[in-house]
Amino acid sequence: MGMIGGGPGAFIGAIHRMAANLDGAIELVCGAFSSDPEKSKQTGASLYLPPERVYGSYKEMIRREAELPANERMDMVSIVTPNHLHFEPAKLALENGFHVVLDKPMTFDLAEAKELQSIVEKSGKYFCLTHTYTGYPLLKEARQQVLSGKFGSIRKIYVEYPQGWLGTLLENSGNKQADWRTDPAKSGVAGAIGDIGTHAFNMAEYVSGLQVTQLCADVNIIVEGRKLDDDGSVLLKFNNGASGILFVSQVAPGEDNNIRLRVYGEKGGLDWSHKEANTLYIKWPDKPTEIWRAGENYLGSFAKHNTRTPGGHPEGYIEAFANHYRNFAFCVMAQLSGEKPKEEWLDFPGIEDGVRGMAFIESVIKSGKTTEKWTDFTI
Amino acid sequence: MGMIGGGPGAFIGAIHRMAANLDGAIELVCGAFSSDPEKSKQTGASLYLPPERVYGSYKEMIRREAELPANERMDMVSIVTPNHLHFEPAKLALENGFHVVLDKPMTFDLAEAKELQSIVEKSGKYFCLTHTYTGYPLLKEARQQVLSGKFGSIRKIYVEYPQGWLGTLLENSGNKQADWRTDPAKSGVAGAIGDIGTHAFNMAEYVSGLQVTQLCADVNIIVEGRKLDDDGSVLLKFNNGASGILFVSQVAPGEDNNIRLRVYGEKGGLDWSHKEANTLYIKWPDKPTEIWRAGENYLGSFAKHNTRTPGGHPEGYIEAFANHYRNFAFCVMAQLSGEKPKEEWLDFPGIEDGVRGMAFIESVIKSGKTTEKWTDFTI
Amino acid sequence: MGMIGGGPGAFIGAIHRMAANLDGAIELVCGAFSSDPEKSKQTGASLYLPPERVYGSYKEMIRREAELPANERMDMVSIVTPNHLHFEPAKLALENGFHVVLDKPMTFDLAEAKELQSIVEKSGKYFCLTHTYTGYPLLKEARQQVLSGKFGSIRKIYVEYPQGWLGTLLENSGNKQADWRTDPAKSGVAGAIGDIGTHAFNMAEYVSGLQVTQLCADVNIIVEGRKLDDDGSVLLKFNNGASGILFVSQVAPGEDNNIRLRVYGEKGGLDWSHKEANTLYIKWPDKPTEIWRAGENYLGSFAKHNTRTPGGHPEGYIEAFANHYRNFAFCVMAQLSGEKPKEEWLDFPGIEDGVRGMAFIESVIKSGKTTEKWTDFTI
Amino acid sequence: MGMIGGGPGAFIGAIHRMAANLDGAIELVCGAFSSDPEKSKQTGASLYLPPERVYGSYKEMIRREAELPANERMDMVSIVTPNHLHFEPAKLALENGFHVVLDKPMTFDLAEAKELQSIVEKSGKYFCLTHTYTGYPLLKEARQQVLSGKFGSIRKIYVEYPQGWLGTLLENSGNKQADWRTDPAKSGVAGAIGDIGTHAFNMAEYVSGLQVTQLCADVNIIVEGRKLDDDGSVLLKFNNGASGILFVSQVAPGEDNNIRLRVYGEKGGLDWSHKEANTLYIKWPDKPTEIWRAGENYLGSFAKHNTRTPGGHPEGYIEAFANHYRNFAFCVMAQLSGEKPKEEWLDFPGIEDGVRGMAFIESVIKSGKTTEKWTDFTI
């Protein structure tokens, strides 16, 4: 694997590397870690990479790796740059025959997303968009239970993602994470809606198996002086007639990262939250709520495949991330060896999720500005 | 105290009686428990009331009690009938010089509410609307902390009230509770929005000290064949510019009655839920969340006044209810003895809460039907 | 009902009165609230009692009430004095034909307890010992589930009761509650072991249906200068071969009153804690833990009988207490009317629990002083 | 790194490999994964190791690796075999100049432990015993807070470790994990006391900074036909006079792996449990309990050093394990480069923990068999 981005001061690059390392199936062999060649070199050295495979730019990396013999060059690229630097490297990598892992939200805007979709489709390569949370085994279990029909038709979906770290104008204090996320030139048209709203949206659609068709948004910039939204609430309508709410905030003091999903059907419902990531509550109208736990024998094949430890040994954020990497790597290896990938391996977020995520961002921002109640979700 | 309503099959009448009994300050001395005199008699007998003070109708009760000598007649009336039977008995009681405790929502519609307001104001009598939840000591503490300014300006309010008991067409199965709550002739224009939405609305305004000015509602009838809403989500705007969400459902399987409020300000926030009624979470951007517990010495005077037991001895729904009754009784007794009531005693929901609650119902239902995004909250 | 004790500064007297009031089935008609006649009078007046039925001593009260006509005098006595003042008034009341409710631990020592047992048995009167916690509906449910055999043979019992309020030498600061509880002349041979250890012991035996046969105790006085134990841990052996641990402390900072019981059998187990009094966790080796909730339809008859509100409306400490009072009152009324009491009514702690509790205290204190590992539980 | 053990069917070997992989600082370069050379080969191949560095026995591996040039051979050995196969390979590795990571409990018996201690001391090599739990950042924080004196003198320690997986005679059904853990020839004198009791013991001493001096144990074989204890409760006395309880069980249905520690001092206390590994409750007698969360800025240097993600991104069991590996690797690298290791790096469990753990096992088993109440903790 080669990496684009993830140099000094980056948060998510290190997470990607740990996730890729965890299972011993993926090896980082090269990188273009920064647009500053000196910083790229430093990062490469700190990662014990041979100097000749630490590149000064992603273009150089893709070109030079493509020239290496097939058994030496990287198989896949992981792109962990800010949003505005997603499309070009992903395009170039795919066009040069590399599988791509890309951080979310997928692109700078929906137009780029649709273009990338056609590039992926033409390339025949695997593409993974790292919506981390759907890598958790109990969200996979949740989806399988919903799809099994045990809850009947889904009626109501609540998804929330409160954070507190942007309660002040942190972007003015030199915080690199805050800086690009609040800058329209790097983040695109949305702040919180893009950064965390897309996670919540993706989780709701993934678990329910439904698709949003209409929405009504209240999008806010709460901290004075900020350029992009740091808070938003969205009423949702789904394609089966169900309704829901999605709400995110980055100005809720004391909330650390507790994304939570509740899905209620005709016959039962479920509740999952990041704070108790290894627990899934299954609810019934007329009998006790059940506490399903990761690692237990009674779980389905998707949950089991995405767990490394027995019940009671908590797996966390890095493991959820690693599940996407591992499944992606299994698919890539299957392609290399001409095998058919298992259904469980193919269960990672892809280009379709990315396009819908970008459409979500644009639809929400549009809704936030109109006086019409309902805005169609359009791609 | 005399009671109107609360005969066989009623749920809330028994709660009112236990709440009134609890502290030994209020004695049930008479009642008109049912519009069926026979049933009224039965209930009165089961409550050990002397037969001569069990009446066949509320009109008879008010007239006859008013004729008794001052030291024998009831001082106050508790009205626990369905919504459409609130206004007339309340009016009659007030006009005959009795203090009134009334179950929520206050009246059948906003017009009645406003008329009742002017009757209360003219009467010089105390009026309590039993929004139970604000009787919990830790919600009183929450309000005091918000009003103290420790959280800075309030930015975001989330309030939710999920239930699951109306997931099927229960009203067709002879359930008395379901029956009148889903019947427009008894409940008014709203179902869930009136029954539980007004509780959530009242809690949000009470704790935050703010007032809703605009809202945008998604009001749903989810169970086929039902005549009134059983689900609704409402985006809110408050008079200080804060935004929020209120969501209620009666079709969320496995949810028993877990009303929850989260309020986030510039400098901190709070989280309270009915399931952990004796706990209040206080949140900070840069230090650990604090777990405040009912009955502890560090609490303020409003919380302390409304608690009967030391920390770790849970008080529940009946005690919260009893707090309203006790405070109301203290005020009535102070009036009788010509004393000035304490500030803590006056802290029970009153006519203003009732009018705003009815305005909330009508505004939400109006918003649910329009294609405009924002509907003004109008009284 | 008449009350002995519960004057100014008492905690538990007020609880008893609220518990007796709650359901409207018991009326406080007289009292001897303090050994100081003036204080007794004050308390009586504050409770709206007629002055002629507020007595200067328990002896006077029992004598004078016994002289009243049967339909005027009290039916039962509630005794809420410190331990050393339990036996004499209980004896006198029983011998004069009054049913007795008595606060725990039952007597000053085991010898008194055994004597009281024979007095109760001779009297033909009902006797209730207010071990509050077994009044909680979900502990009744727990017992019924254990007795049903669904968990198989019980193997392991853990019961704990941590408090923090005696972490300093509070008895030297004029705190009335701390004062008598730490005074051997009033409390007897034990402090924490008697005050809260007996609750834990009673809960373990009640829910499991088992009896302790041997124990091994580590009894500690942690705060320097204290005269009685404020902490203790006890290894237990039960009559079916199961083992367990009981641990209590009054010097655990921040612990408010969270008594907790865990029972594990061959096929399943359960977990209940006071902090979540309306929840019972049922555990299985090979399927999800279940969350049983008070007020739900799926519960058994004992839980249902001891609940006043539907699921999600928390009932607390006073309601648990009131369950004992109500069941006791139902039995007394049944006796008066010559009816057979229902099985659910008879389910309150009685003289046998009291004798075993005193034996527990003496056995633990004995074990705490010996170098032998196991001490027989002897009555 | 080379690995001894961890072939097909092993659980903990895979955990060690993931933990070592996670941070990219340690590379698995060779292994002797099974005493069956064929199985060793298979495992090596599945881990992408070059065949020439997959050995048929640990002796061969250590000899051949020692012959390689310094810059090619492994630096350290990870030994993940059952207890009876710990001492010999550890001894050989140390004597051949390799740093050693060893799974717990350290050896087959205390005599071996003491011999290993002198070998480690002579070797000048680093030695890590993988008591996973003390790798959690919030247990490191807990220790630092206790050592800071903020809680005053420690008075009471409760540590518990309930599991349910051995509730039946699983060892007779071909379960490899159950098999060796219940076999005295492989596990030593203890079952649960060794397997999980040593974890609990280590955690109590690590966080409190205290040492057990006396104990009183109730050791049980609950499942009929089992050869070693599957349950035990131990009263503890510490070297500062504090007392405590340690209890473990492997027959508690539905308990998955929830080790929990509570420490109470004069001025405050703490509570940590594996189920909420990223949360530490700090308790006070007179102010609200605080919820400290991993990844937050307010934590001390030990917690921060042992965390990879910001607050709200849960890290789990593998990360805790990886903390020991990473700290160990940092120390090894510092030794190689002649630098002084940081205090935070040296904070992993070592030979002293291992010796005390073995002494704990032997003292508990001895206590379980005697009629004396207190047994001295002897090394």
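Residue numbering begins at 1 within each chain, and the chains themselves are lettered A, B, C and D in the order written.
The definition used in the following text is that contacts are C-beta pairs under 8 Å (C-beta built on N, C-alpha and C of every residue); 3 or more make two chains touch, one makes a residue touch a chain.
The shown structure was predicted, so the numbers you read here are calculated from the model rather than taken from an experiment.
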Between A-C and C-D, more contacting C-beta pairs sit at C-D
Greatest Cα-centre separation from chain C belongs to chain A
So, in whole Å, the Cα centroid of chain C is separated from that of chain D by 43
Cα centroid separation, chain A vs chain D, in Å, comes to 34
When centres are defined as mean Cα positions, the distance from chain A to chain C in whole Å is 55
Residues in chain A with touches to at least two other chains are numbered 165, 255, 289, 293, 296
Within the complex, chain B is touched by chain D residues 282, 286-293, 296-298
Contacts from chain D onto chain A in the complex sit at residues 11, 14-15, 17-18, 21-24, 28, 47-48, 163, 165, 255-258, 274-275, 277-278, 293, 295-296, 308-319
The answer for chain D against chain C in the complex is residues 151, 155-156, 158, 160, 164-165, 167-168, 216, 218, 220, 222, 231, 233, 235, 243, 245, 247, 249, 251-255, 262, 264-269, 283-285, 289, 370-374
